[in-house]
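Lettered A, B, C and D in written order, each chain numbered from 1.
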Amino acid sequence: MMIVMKPSATEEQIQAVVTRIEDAGARAHLSRGDVMTVIGALGDREHVSRLGLEGAPGVEKLVPILKPYKLASSQLSGGAPSVLEIAGRKIGGDNFALIAGPCTVESRDQVLSTADVVNAAGATMFRGGAYKPRTSPYAFQGLGAEGLRLLQEAKERTGLPVVTELMDARDLPAVLEVADVIQIGARNMQNYSLLSEVGRSGCAVLIKRGLSSTLEELLMAAEYVLKEGNENVLLCERGIRTFETAYRFTLDLSAVIVAKRLSDLPVIVDPSHAAGRRDLVVPLSKAAVAAEADGLMVESHHEPQEALCDGEQALPVEALMGMKDTLQPFASAMGREVI
Amino acid sequence: MMIVMKPSATEEQIQAVVTRIEDAGARAHLSRGDVMTVIGALGDREHVSRLGLEGAPGVEKLVPILKPYKLASSQLSGGAPSVLEIAGRKIGGDNFALIAGPCTVESRDQVLSTADVVNAAGATMFRGGAYKPRTSPYAFQGLGAEGLRLLQEAKERTGLPVVTELMDARDLPAVLEVADVIQIGARNMQNYSLLSEVGRSGCAVLIKRGLSSTLEELLMAAEYVLKEGNENVLLCERGIRTFETAYRFTLDLSAVIVAKRLSDLPVIVDPSHAAGRRDLVVPLSKAAVAAEADGLMVESHHEPQEALCDGEQALPVEALMGMKDTLQPFASAMGREVI
Amino acid sequence: MMIVMKPSATEEQIQAVVTRIEDAGARAHLSRGDVMTVIGALGDREHVSRLGLEGAPGVEKLVPILKPYKLASSQLSGGAPSVLEIAGRKIGGDNFALIAGPCTVESRDQVLSTADVVNAAGATMFRGGAYKPRTSPYAFQGLGAEGLRLLQEAKERTGLPVVTELMDARDLPAVLEVADVIQIGARNMQNYSLLSEVGRSGCAVLIKRGLSSTLEELLMAAEYVLKEGNENVLLCERGIRTFETAYRFTLDLSAVIVAKRLSDLPVIVDPSHAAGRRDLVVPLSKAAVAAEADGLMVESHHEPQEALCDGEQALPVEALMGMKDTLQPFASAMGREVI
Amino acid sequence: MMIVMKPSATEEQIQAVVTRIEDAGARAHLSRGDVMTVIGALGDREHVSRLGLEGAPGVEKLVPILKPYKLASSQLSGGAPSVLEIAGRKIGGDNFALIAGPCTVESRDQVLSTADVVNAAGATMFRGGAYKPRTSPYAFQGLGAEGLRLLQEAKERTGLPVVTELMDARDLPAVLEVADVIQIGARNMQNYSLLSEVGRSGCAVLIKRGLSSTLEELLMAAEYVLKEGNENVLLCERGIRTFETAYRFTLDLSAVIVAKRLSDLPVIVDPSHAAGRRDLVVPLSKAAVAAEADGLMVESHHEPQEALCDGEQALPVEALMGMKDTLQPFASAMGREVI
C-alpha cells in the first residue's frame, strides 16, 4: 500500500501515518518529493489492509499495490492455466467447451427434446434452470424441485453433465443431487453467503460476472469459493451494462483476455444473455473463441417461439447442430478443439 | 404492447402476428404506414406479456406501453405520495427522516456510544449492520447474531427504531426480532427470493438501488415485496457506477426526483456509500433534501479512524450533531421538517 | 510518479527503470517490499511525464501522484474560489447566476420576446445558440450569422450579457462581436484547437463537460484555455451518459461538489440538457443550488410547443418568471444570492 | 412515430395531438387500448420529425419507428455490404484490411523506418498522425505540416495509401494533399462542421466511434458525410468508456456485428487505442476478425519505448511482421483474406 500525502501535509501528519503503519505491524518507507511525500506500507496483506488510513489528516489517497485476491490470482504463481476435470469432461487448456440447453426447464417434453439435440450436437454439458431470477414477479419463475427432477432425467438419458443455477442457499441440497456445475447468476455474483456455501459444498461452480462488476470484483467472488478449498471455479463473462441500447448488454471480450492473464481459472462466455438476440449468438460465439475463451454457454430451445423465458435469444435446433462445425475452424486457429 | 414490423415484413408475417395476439386473448390493431406496419396488442398485461413475439419473423422490435410494475406505480393512481408509519415515526410527506449509525456493529462500546450520539442528534432511526456484504472474503464480515443483540440493546437504551441489513433468508427470524426496517443491500436488490421472503414477513423494507440498476428494475424489486401484501417499502438511492473515478459512485439525484413521479413510495438517499468520502456527505445531503428525497441514511462512527469498515466515509460525531440544523433550512425551503 | 514493479521483476529491470528516470533528469527512490518494489520518480512534471515507462519490462503499472492540470488545480494554491467578473456581472463567491434563454435562435420575434422575459425574470445573462450541434444532419442547424445579429439586438435591447456557442474556429471573429461568454459544447469539450483558439481570444469561456468525460478531463480542457493566459473559465455540468433510460442524461451533482474542491473555477449547472424533460428542470435546479453550483443555465422559450429544437425541455415563461423566487431560499441556505 | 398518451389523457388532448399531426402534413392513426391510447403519425420523415409533441399535454412518450439515418441505413435497401475502393485497395467484402503505423509522426527516421516495416508486413495502408488530440496541453501535439510532409515521403517510398487524422477544418487543404483516408477521431465524432467539410472534400473518411457514443450516433455522424454525396465512409470501433479500470476502454465487438447489420458501410477495429496495452492488441485483433470486422488499424513503432505518444500500446516490429500470418487462419474461417 502506498499512502500519498497532500502537499499541505504537516510533518506531524506524516509522522502520525508512519506510527500507525508501524503499530499495525508493517514497515513504513518514506519518499519525499518536491511537492508531496509518499509513504510505502510494507508488510503482509492482512496488516496493511487494516490500516484504515483513508481520510486521515494530511492523506490525499491510498494506492493499493498488491491484488486483493490471493487464490484467484496468477500474480504470484508462474501459472499455467488450470484445466479442470468435471464429471469426466476437461475444461480449459486445449479443450473448448460447448454448454447448451434451454434458459429454463419448462416441461418434460421440452427438456428431454432439447437435451437430445444438445447431445446430438456433441455438446460438453447440458444447461437448464429450475430456479430463475426474473426481473418481474409476474414472470414465470421456474419449476423448482420438479425442474431438478427433469434435469436428472435428461442427465440419465444423455449422459451429459448438468449445469444449473442456485439462487437460494436453502435449495443447495436439492441442487447438489443433480448439478455437476452450480451456476451463480450475475445478480447473485456478490451474494457472499451463497458463494461461501457453494464453496463448502465442493461442487464445481460457474460464476457469472455481475452486470456492472469489475474483473477484480469477479475474481473476489471466485476468492469466496476458493477460500473454502473448492478449486473448481469457472468464470463467466455475460455482458455488461452500458449506455448502448441496440443490444441488451455489451459483451466484454477484453475481460476474457485479461481475466486469463490475472487468473488461472477457465473463462466461459455466455453470448445468449449478452446479446439478447438470437441473430448475434453465433457471431459473438466465433469472436469468443478467438478471444481465448475456454468455452461457451448458449441457450437453445426446441421451439424458441414457445419458450416461456428468453425465447428471443434461444438458438433453434438447426443452428445448435451446426455449432461445433461452425466454431472448430476458429478453435483450430487457437490450437484447441471443441469437445 | 406495440409490435413494429420490418419494412420487409410480408403480409403473411403480419397476419401471423395478428393471429398470435388473438390466440393469446388480446386484440390486435394495425397501423399501416408508408414504410412499416405497427401492430398494437391490446388486452390485459398478463395476456400481452406472454406473446413471445421477440425475434419472430418480420418483427423489428417490441415497444412496451404500460409500465411493468403495477403496485409500485403511480401511473394508474391519482397519487398522493405515501406516508409510511414505522415504529411510530412517519416517513414521507412533510417529514424528512434522518437515519444514522455505524456501517457495521463492531463492539458494544462502539454501538452504544454511536447510538447515544445518533439519539442526541435527534435522528429518526438508528442504523447498523450485523451482517455485512464485503467484496473481500478477508474483510471483517460483521458480528452476526451478537451484532443483532447489541442493536437490541441500543434500541432499548435510546428508543430509536432500528434499520439493519438482511443478506440471507435463513437469518430472517433473528433479524425480525430487532429490526423495524430491514435493509436489502444494493448487491441483493435482485435477490428475488430474499425480497419475497421479506415481503411475506410484513416488516418494513428499505431497498437499495443496485449499482447499475435502472429505476424500472428498482421498482420491480419493490414490486416483489408489494406483491406479498407488504406496503411498507422505502426506496434508497445510493449512487450508481459510472466511468468517473474521482468518487466511489455517482449519486443520481435525478433518480430520486423521477422515482417520486413514477411511484408513491418514499425515497431515501444514502450519501455515505455514494461518495465513499466523508467530506462529500454533508454537501450531498443538502442536495438530496433539495432533490425531494424523503430522508437520508448516513454513516457515523464515534471514532471513524478506528472503524473496521468504511471508516473513510463515516461522519464524525460533531458533524452528525449539527446535521439537523444544517439541513433544516433546505427542508424548510421544501416545506418539510427534519424529524 | 510511482512505478510499481512486477513481483517477477529482475534486478536488471529495476535498474533499467532507475537509469531511465535519472536520464530524464528526475530522481529515483526505491521502496523494496516483501513482494514487490515500488520506485518513485521525483522531479518536475515535465521530466516525469516523459518517462514512457508504460509497458517497460518488469513494470506492473504507473501511478501518477500529481494532478496533471496545474493552472486549473487548487492543489497547490491555498485557494479561495475565483469570483469572475464578466461584462459587469460577478460569477462565483456569494453570487448565484441565472443564465437563461432559448436553446436556439429561431427568429427575431422569438429571440426578442424570450430576451424580454429573461430580463424581466431578473436573470444574470441571456443565452441562445446561433450555431447548433445536432445529431442529425436533417435537423435545424441554427441561423448562423443572422442568429448572431439577432442576439446582438437582444443584448442592446435588454442590456443582458450574451452566452453563445462556438463550434468552428472559423466563426470566432463573428462570435466575438456579440458574445460575452463563449460556450464550448459537450461534444466539443475535447476539441483542443478550438479551446486554444478561444483561450487566445481572451473572451470568457463556459466549457461543458463531455457526455462521458471525467472531471480530470474537464479540468484538462480548462487547462487548454488557461494556458493561453485566459483566466475567465466557467465549468458546466450538464449530465453524463449512463445505462439509465428514464431521463436523457444523469446529472452528476457530485461532480459539481468535487470540481469546486479540485479547482477554484466557478461551476454552472445545465439542468435542461441533463434532464431533457421540462418537468425535471426546476427540481434539479434546486438540487444544484444546494450542491454548491455557482449558477444555472436553463432553456426557456416563449412558446415551447413551437420550438425548433429541444422544445420538450424548455421552461415556459411563467416558470422562468418564478425561478429567482423559487431558488432564493436554497441560495440563502447556502449563504448566497441569486443575482 | 408513435405517440403514447397518458392513461389520464383527455379526449381534448388526444384530439389536439391528432390535429397537430394533420397540420404537419402527416396522417394520424389511433389505437385505443383499455388503459391508454396510442397515436401513430404516418408520413414522411421530415413531417414527422418536426411535430414537437414531446411534453405536450397528455403525452406520455414518443416512440420513433424509423431509423433516423437514411443513407447509412441498410433498413430500406436489400443490402449487400459495400466494398469501397480507396487508392486501389479494396475495403470490405472478402478483403480484410490491415492498417498500421505509428500513433504520431515524430521524426523522419521514425516515420520512414516504421513505414518500411509496415510495408514489409504486407499491410493495406499506412497510418500516422500529424495532428494529435491530446488530453493535456503539455503533451506532444504532433508535428503539423512537417508531419504531413513526412507522411508524403513515406507514401512515395512505400506506395502505401495514407490514413491521417484531421482535427481542424482549416487544415483540410494541407491534409488532402497526402491523405487517402481522413480519420475523424473519437473526440471529434460529433464535430459536425468538420464532418460536413470532409464530406464535401470527397476524400474517403474513417470515423471513429465516440467514447460513449451509441451506434445510432455513429451512423448519424456517417450520415453527415454521406449527405454531401461522399460514399467513401469507414466506421471504426475503438472501445467505449465503462466502469472497468483493468483496461483503458472496453472494445465493443457487438457494435461491429450490429453496425454491419444496420448499415452497409465497412467497419474497422482499432484494438490499440481500445486496450491501451500492447499485450492485448494481438488477442483483440483475432477476436475482431471473428467478429466480422472488415479490417484493423493498429499502432506500431520501431522503438515503442521511445515513442512520444502512446508507446505503451504500440506493437513492436516483430509482432507486426507476424500479424498477417497470425490473423489469416481466422480470416480464412470467415471466408476472407488479409490483404
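Criterion: contacts are C-beta pairs under 8 Å (C-beta built on N, C-alpha and C of every residue); 3 or more make two chains touch, one makes a residue touch a chain.
Just so you know, these numbers come straight off a predicted model, no measurement behind them.
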| item | value |
| --- | --- |
| Reference chain A; chain at largest CA-centroid distance | C |
| Same-interface partner of A-C, chosen from the options B-D, A-B or A-D, over half of the pairs matching | B-D |
| CA centroid of chain C to CA centroid of chain D, Å | 26 |
| Rounded Å distance, chain B centre to chain C centre (Cα mean) | 31 |
| Chain B and chain D: spacing of chain centres that average the CA atoms, whole Å | 39 |
| Residues within chain D bordering two or more other chains | 212, 241-243, 245, 279 |
| Chain C-touching residues of chain B, taken from the complex the two chains share | 212, 214-216, 240, 242-247, 250-255, 257-258, 261-262, 274-275, 279-280, 283-284, 286-292, 329-330, 332-334 |
| In the complex with chain C, residue positions of chain A that touch it | 2, 4, 7, 29, 31-36, 38, 40, 42-44, 63, 65-66, 75-76, 212, 241-243, 245 |
| In the complex, chain C residues that touch chain D | 45-46, 49-50, 52, 54-56, 68-69, 133-139, 141, 167-170, 187-188, 190-194, 196, 210-212, 217, 220, 223-224, 227, 241, 277-279, 304-308, 311-313 |
